[in-house]
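Given below, in the form of structure tokens, are the structures.
Two complexes come next, and they have one chain in common, subunit A, joined by subunit B in the first and subunit C in the second.
Entry: the complex of A and B
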């Protein structure tokens, strides 16, 4: 029950602890499920998957960052080489800080490379992979990989394409690596390309959207052969309000095939769009089910993590893609989310 | 005969002049004592020595010593004649009045290798050199001793202070391989010491290839703060003398800009807390052909520019920094931005502002205010002030943020940003801006209501004086070029905003109506709060100049509850203000009437309302017919039945009986009983009000009331 509304606000208090999980942009009434390019050229899709390095993105826990467009980024090989050199120098300078009397052995070197096959439509620019390795220890073996970062954009909306050639729009920055090195790499990118990179947070509302949409990609029981699909159930982790002692989270797990069945009932099979109502009824269905058994209203708690055989995402911006075939769909959605959170009309003439 | 003031001053002046002369003579005598070879060096029981020493200490502490005096004293100390106590006291009083002669320092350095001087004295000399290093008049001479000073590193006692001195002196040419080796040798002997690390770090700065050792020792500072008191005294004396000099040649200095006009070189600690990126320019293209390189040589990166004068001289060859946002560090650098024709600056800056606002305000994990965000908002406000245009990203941010704003966080900054919003259609403005603010207005206290009204007043002022003219210019330009588009590009802005085709007049009218409405309800809720009323009337003060000051072709009158609440309230200020306001409006109407016939429709509509207000005031204040209107008949009879004593209810708001004006009336009556007729009394009161700066009533009377009309 809501407490009586006081006419004046008490100073220093807000009804919410933090703004970062609030949906700050208007959620659209419907969202696209699949990639346009895949629809148009279905045969190309498998080939693309075979050739491209997209598999390297799978089964890694990425931290998602959003990046504003890069200024004066060059795709030429000499440009990339130069960035690699600069990044290495920067890392060396940074790593020599704070550590006394180390003669350059801890130095790392970074490389910039183009990652083929991540970009899909014509509006996308090629993805860029940044790798940081420690220096070779004994000559023969390669150094240890300290960080992998992937800058990409997948099927970015036409109206968000920046026409000015001096800008390169790679809004999604996936990073897996050491915290300190990540910070250094981000600082480097910010200084070098006048970009601004910040951690992405997914509000619970967006997580609900994701799980509802991606359940549709789970292969049906008869289609899936044992080799390709892993039997990962649908999992929703809710965070319990702090007032309740002794319980931090509630995890709800549903068999993947059951969820798929439910999804089919909810979604209009002819449409490529997934509407707000469909999303609501899907999540509502799950929460109703839980209420029926445990008498706990999940809707009153905040969704913290979702996991299904496609991907696993949490509010703090950690993303792990689990399915080979749906990488593009997942990244497309993340691109869309990031672009939506950017101001619409920074006009570049 | 008593002295006149002038005489006294003269005497004092001559006294102080005499005093100065006396001290100078005494100082000279004291110094001659030390320079004279015949004087005794005995410390105990030597009154002359003690007097001379005290004299030197006193005068050096108050005004410092001149270069010849310093030279004489240093020479005297280096003879080794004096005992340790005397020497150390002398060294401590070597405080320069303005600067230190370089040969005095050379003498001091030469004493370091002398046998007849104790190690403690040598140490004290080096410490003194560290302190006065920046005041040495010819540093080159001193610098030529670098190699010699370096040799003293071997001395365990001197090592720390020599390191510090060398740390100050080191130039690029001094970094030699053998010196680095020497330092590393010492380090291997005594272990990692902060002072040696300091020197190594300077070397590394100049030639990183020679020093491979990392020179970081965490957050610890390299040198301990020793000799703070001494340094402070030297600093104080310098400041004092500088001030004296400044007073003398102030006229000369007036044209010199301060050396740190561009405060972009901040200490590291502050930079860490700063939201704005550091100013740095990295060469983007390394391999450049020679011909281009020679051209580029002339280009000056911003971090090399130290003051505004230099900026002006180099404005055409300045290179933009890597992170464009670093320009926001100093208001002087804003000019660079406005002068560059580069179209990419605006989007780059916009992205930065957007992300920073998001990071510092929305993604800030704690509740309450983030100090960084406050700083950021301040910078953005300053910047928009400089540009005199709003930044679209900020609008976008505000539109989002206001919906969840609690009216408390960053209050003044947010309100400041709101006042700089551009013009848009009223529907949009209402949805994105006014609706969230309206909600806050009605659930907050009177103070916030006032703030919000102030904000609206400023917003209206800005819209009328800056935004609408800009919009008009853009429309005119578009009509010239005959492009029939629904959007208008505002050309004279940095951020190149686009707006839709809108009727600016409509927005302004609707906006004023909106504020009028919330004012009426606000006054009701707050029971005529004086502060709120003041802000309400301020707002309408601005609206009363719509036509004459800003060329709008319409008239917006305050609604009748506001006029009546001010008129029948119990504050003389507001009675006066509302009178004044009506006079301003009547001037406005007269102007409109005179100019053209096109305003007939507006006037037809507004003049009756206006007349009604004027009549209302006349009836209440001057005609004793406050309740003359048929509407009030019932009220009047009610008052008269319940309060038989107030038989003259109709006259209760006349100038003589108005509750708000009672104070002045009473005073006036006490002062002069002679005013027998009400007419003369009224006149006296009018004059009294005028003398209290409440001339609104007087102006009104001379404008509208026949008997006082200006002839």
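Entry: the complex of A and C
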């Protein structure tokens, strides 16, 4: 990380608040590509016998929220059952307040469960899954799932681990469900655990980093004989400035293998880190190519959505992971972005 | 003939100040120029705009000497930053003693930011020139930014008795941005 978190002012600096608390973050000079903790060796807690549920995160369009640390969150089964009861009661109260009759879409039964396989390193806490279902219609039929929410943290940075045992740091909140139920669940979590949950927006610079880094995970042409790799082309959607009439977005599609070749030219093969210069050359290469053919300067537009065979992300905070093998890498990057975007709160004891 | 823009190689018309706005297309230079012209001043104001430096060769020598240069950067447009970075090199060193300024547009929306704020502040530190943030979306903000720029232009044109741009530059409150470019 470029700037370390220091709550004390070192002598010789300005007396007004340092820039670290401004909304502008500094792009790091380099970023790790893969996870530090090797995925094949599960953590030494007693989850070795339990199945990893990480595959459930793939192929769903999640809306990303960032959450401040939770106060007094208990992982014991009585704790989780208690939260489930409270959530169900909260949802029922909210639905009874509804004047407009929403046709069965408002779930009433909430459950909190631990989701195995998501948390990675020693500093991560276990991920929690929140499911909201509609009330059971008949005796035997289970209610329809209205919302799935996953609170997790994947390979969080060492300096952001909270020493105070009363707080649990689960910064990433992925939600799939309709707007009303999402709102109720978020209000419940904010009230119950004294935290603040805000929608995450990915700035265009970060999207450029993502597409530049994740192109490296596309399997090479020789390896892609296996049927599992989907040959999804790289897609970059740029938003055109408002002054230009008649054109709102420009979508650029690149074949996956060509992008991978360019990535290999740009990236230093032995290094686990992806530097700023490599990212700039990759993006610059794409923009130059586009300019050569269409005489349109993509540098003047801003990225809105990126899509590759690993994941698709857009600036409004929607994330869809497409690859089974790189889920941890994607979540790790999202965790890092979310933690960077929040001011350092109670991280240091 | 040097490509550098210089302020002291010609004599300007009496009671006139000339301002040059440099910035990529789409950075609302003309709106800003109109706002500055709409404000009442005691002196004549000439506004020139350019999308990059160096300026094309002045055949008829009718171009007035420029008293003040404003570089406009749009944080959602990477091209504007690269153009400003390359244009600054074509300015004669006289301009960096109080006759130059960086204006940053669209700074209040970090979600749509394409240019790093640290890069802009680094630029301002390296060239030791002030940096203003503003926008031209509402008339009030546009006029506010225009008035700030005009106060600097007035000094650069020598219309304030006893105050020179060098005095302002030497007594300017620098922010000491710590990080290097």
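Side notes on the structure shown:
Simple rule for what comes next: the second predicted complex is superposed on the first by the 298 of 349 C-alpha atoms of A that agree within 3 Å, B and C clash if a C-alpha of one lies under 4 Å from a C-alpha of the other, contacts with A are read in each partner's own complex, and residues count from 1 in each chain.
Methods note: a contact is a pair of C-beta atoms (placed from the backbone, for glycine too) under 8 Å apart; a residue touches a chain by one contact, two chains touch by 3 or more.
Computed from a predicted model, the values in this text were never measured in an experiment.
When both complexes are overlaid on chain A, the residue A:315 reaches subunit C alone and has no touch with subunit B. With both structures placed on the common chain, the touch criterion links A:167 to subunit B but leaves subunit C unconnected.
Touch criterion met: A:297 reaches subunit C, while subunit B stays clear of it.
Once chain A of one complex is fitted onto chain A of the other, the partner contacts of A:204 are limited to subunit C, with no touch recorded for subunit B.
Once the two complexes are laid over each other on the shared chain, residue contacts for A:342 go to subunit B alone; subunit C is not touched. Looking at the superposition, the partner that touches the larger set of subunit A residues, subunit B or subunit C, turns out to be B.
In the superposed pair of complexes, A:246 makes contact with neither subunit B nor subunit C.
Residue overlap on subunit A between its contacts with subunit B in one complex and with subunit C in the other: 13-14, 19, 22, 24, 201. Residue ranges on subunit A touching subunit C, taken from their complex, read 13-14, 19, 22-24, 26-27, 201, 203-205, 241, 243, 297, 299-300, 302-303, 315. Subunit B meets subunit A in the complex at residues 192, 212-214, 216-218, 277, 280, 282, 284, 286, 322-324, 343-344, 346-348, 350-352, 354-356, 358-359, 361-368, 392-393, 396-397, 400, 404, 406-409, 443-445, 496, 498. Of all the residues in subunit A, the ones that touch subunit B in their complex are 7-9, 11-14, 16-20, 22, 24-25, 68-69, 71-72, 82, 96-104, 162, 164, 166-167, 190-192, 194-196, 198-199, 201, 341-349. On subunit C, the positions that touch subunit A within their shared complex are 24-26, 76-80, 82, 110-114, 116-118, 175-179.
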